[in-house]
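Both of the next two complexes hold subunit A, though its partner changes from subunit B to subunit C.
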Partner chain A sequence: MTFVRVCSENEVPPGEALRTESAAGPVALFNVDGEFFAIEDTCSHGQWSLADGYLTGDKIECTLHMAKFCVRTGKACTLPATKPVKIFPVERRGEDVLVDFDGGRYAA
Partner chain B sequence: MATDPWKSPADLFDEAAGIISPSIFADRDIYKLELERVFSKSWLFIAHETHIPKTGDYFATHMAEDPVVAVRQKDGSVRVFMNQCRHRGMKICRTDGGNAKAFTCTYHGWAYDIGGDLVSVPLEEKSFVGLDKSQWGARQARVESYKGLIFATWNMEAPCLSDYLGDAAFYLDAVLDRSAAGTEVIGGITKWVIPCNWKLAAEQFCSDMYHGLFSHGSIFTAASIPPSSLNTGRQFRAARGGHGTGFFVRSVPEMKITNAGERVAGYDPVADEKAAVARLGTRGGLFVQHMTIFPSFSFFAGFNSLRVWHPRGPDKVEVWAFTIVEKDASAATKEQLRISSTRTFSPAGTWEQDDGENWVEIQRVLRGHEARRTSFNIQMGMGRDYGTDPDLPGSKRQALSEDAARGFYAHWLTLMTQPDKAYAKGGNPLQAAE
Partner chain C sequence: MIEKITIVGAGLAGVSAARTLRSEGYGGELLMVGEESHCPYDRPSLSKSVLAGVDDSPASLVEPMWFDEVKVRFLRDRKVSSLDLQARRLNFVDGSTIAADRILLATGSRPRKPIIPGSDLRGLHYLRTVDDSLAIREKLAPGMSVVIIGGGLIGCEVASTLRKAGANLVILETAGELLLRVLGPALGTWCRQQLEAQGIQIRCNANVVKIVGDDHVSAVLLEGGESVPADFVIVSIGAEPNVELATAAGILCDKGIVVDATGQTSSPWVYAAGDAAAWPLRGGGRRSLETYLNAQSQGEVAARSMIGLAVETPQIPVSWTEMAGHYIQMIGDLAGEGELVTRGDPSTGGYLIFRFFDGRVAAAVAVDAARDFATARRLVEGEMRVAPEKLKNTEINLRDLTRVTVGA
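Presenting the complex of A and B:
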């Protein structure tokens, strides 16, 4: 388990997202009212960046085909997506937000 | 290849004789050929740069009857592409404008990025073999800008936009270059349909000061415009390209406001005009300037109403009109122009209604079989030498003439009698398209 610093918390204001590259592929980090979540950035449906999407509450809507995912669980909430995306553990150290890129998994 | 629906081009327009056939305003076959030979060959107005300032900002419009989307790219350039999915042809953009991260077809979900390139095809891995997405992007038009105005064309062999505008650019500057800050759009776009042929409108803005004295006579009277101020007219017929403009050179700054009713506090047309004259010379003070950039972009300066005449069949035109102001104009000037242009050149505008009334009635008359065979006179100013004006290159010292209209139709006829090379070869239209 290796947590890597991704950004400082004020770089990603509430409702916003940040796309970052990692050995595990692109990862999207979201700020949901001060809570941070990291999921696989590539939509499980149409190969598109979820960080580019519209975040409402803890649901991210892909801008390509409007599939919605829960950023807490990675689960697909609407068609046309049927498969989940992986979620990654997030940690806060002071102002810093860290992600464990080795810890990607599908939620139970 | 389409056969030309006329025996000789002079049956449509005979410049030497000053005769024009009414069939060009009413005939369906001629209209179909116009789409191919005039509109697909010319530079067409798309939008003002300030309609789409930021990355992903888009503006859905038409190039003649073809729907297109203009989108601001990450590098600041603008792309204009067909609003037509390459799968089964559904529109890929179904709103008038806004900001987008992608354009996804609502039929089967093919998705295009903001450049119009195809980026996602649902079930691609499962159901297509060797689909080369790079070959199936939205069709791209050629795009260029002139002082804030974005134009596009399907004609890859057309001259560059500045050569296309040619000597007419000098007169376009009278509305686009009044301040070093450039122009910006205020308010939205007014869109309406007039049941008349597009050329009645485009030709009038190109050339026709004549009708003003009669059709708009009540406005001139109400605005207390001294008739003597109308003796300083000039008309410009572009050396080539069919563009034209007419105007008076002795400015009456008060006119703008008198027509528009109440004055916005702080609006100072005299000061505004002084600044423009300091920058542009005589051109800064043109008065009642009407202009058409061939084929279908026109403006009326002073009220700064710019518009495109989208053809909608031989007997309909869809007008899209908007107003521009100098970016650094005072808040009062901007507000005044917003109000003035609405009061004069909008569907309910005082000037606009006078014009539309004539065009609609002309078109109604042309439903008649005999009416379509009864030729029109376009001889005004022929055989007259009005003299030139060194300050205003290409202009003649008389606005009351139809020389610019003859230039408009002469260029129209040149294009109409030049079949599309690709079609003329009898080639595969699919190859011609790419």
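Presenting the complex of A and C:
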């Protein structure tokens, strides 16, 4: 378990996202009203970046075909997506936001 | 008490309805009937990655264990022959019957067929199902001449895909421009130019009078006498909603099964959603929308209505297409009152065109600008007030604009 600094919290305002590359592939970090969540960045349906999507509450809508995922659980909420995306552990240290890129998993 | 619901149709509208019924807590019997032998699948790729051979098969609309997990009984390869509104039963072609408290007709649409001589020749293809797509893919070889009758979304998408696969393409369109009905003249012209740059021949104002061939098609004859050679032909001249079950049962139909904005038909225990339904539009009127996102929305709305959670949801047409390497999304009807505002530069990259009317965005089309389209869609759906100058200004993040508008 290795947490790696991704950004400072003020770099990703509420409702926004940051895409970051990792050994586990691209990961999207979301700010949901001050809480940070990290998920696999690539939509499980159409191979598109979710960080570019539209965040409403804790649901991210892919801009390609409008599939929605929960950024807390990685679960697919609407078609056309049926498969979940992985979630990654997030930690805050002071103003820094860190992600454990080795800890990607599908929520139970 | 609703205890037995049957969904006729296993496409997007039907599956969306089934998912919604379960997620909203409906615990009664749920039966889904599909005429195809396949598990429910996603159709947009049929004209793109599946047709191109990039994907072997379309994405599934359900996970393999889903039917068991949520207790949906799925009958595939089965056809309902009639509805008995008095007895509240569905009769199947094989003679069996099933009782239902509520029925959702999500029977979809089928390709319109041309009524000209030669329409029954071999080598005439349509695109609706995965089998249709695979049949075309199997037949295709580089250098073949393929004639596409109808320059709408499917015709243009198919042409673009087959051209990439090395075929010689001719699109024949009766109107003066491609894609007029869905995108309007300006974008229709832009799309034509992209397709022409791909090496596709496009003939507008072309009326097909005959499909020529002995047994298999060999050419398409145009009004005026010109003959366009074809190894095979794809007909994409629109879709017709499958209303036969409803009509025979005495349910009101008018170019689709007529429903209110909750999905209810003229019979209080029958609902309809997706391409089969003529659903009320927010902008007035009602029609079958033939789009992915509207079918999905209608399936969800009708599902809730069937279990007493009706919310009137008039539709705004919203869809997307991919052709000639470009990704186009649209919401609302660009044709109409008001002024057109462009954001971005069409000659250098992604751009959007908005139709402004009465201080609001009534419609929007995005070309290679998916991120901004997500916002544009919310502007249209939320009937938000915005200044056109702000939309034009690419220095302004469109998303900030919606947030300010929401908060204002």
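Going forward, the second predicted complex is superposed on the first by the 108 of 108 C-alpha atoms of A that agree within 3 Å, B and C clash if a C-alpha of one lies under 4 Å from a C-alpha of the other, contacts with A are read in each partner's own complex, and residues count from 1 in each chain.
The definition used in the following text is that a contact is a pair of C-beta atoms (placed from the backbone, for glycine too) under 8 Å apart; a residue touches a chain by one contact, two chains touch by 3 or more.
None of the values given here were measured: they were computed from a predicted structure.
Upon superposition of the two complexes on subunit A, a steric clash is found between subunit B and subunit C.
In the superposed pair of complexes, A:Gly15 makes contact with subunit C only, with no contact to subunit B.
Contacts of A:Lys83 after superposition on the shared chain: subunit C is touched, whereas subunit B is not. In the overlay built on the shared chain, the residue A:Leu64 is in contact with subunit B and with subunit C. Among subunit B and subunit C, the chain that touches a larger number of residues in subunit A is C.
Contact with subunit B, but none with subunit C, is seen for A:Gln47 once the two complexes are overlaid on the shared chain. Of 223-231, 241-249 or 349-357, the segment of subunit C whose C-alpha atoms clash with subunit B in the superposed model is 349-357. Taken together, the two complexes place residues 45, 48, 52-53, 63-66, 80 of subunit A in contact with subunit B and also with subunit C. Across the complex, subunit B meets subunit A through its residues 100-102, 104, 109, 111, 119-120, 122. Against subunit B, the residues of subunit A that register as touching in their complex are 45-48, 52-53, 63-66, 80.
On the side of subunit A, the complex with subunit C involves touching residues 15, 45, 48, 52-54, 61, 63-66, 78-80, 82-83.
The touching residues of subunit C, counted against subunit A in their complex, run 12, 15-16, 19, 42, 44, 59-63, 66, 292-293, 296, 320, 327, 370-371, 373-375, 378, 399, 403.
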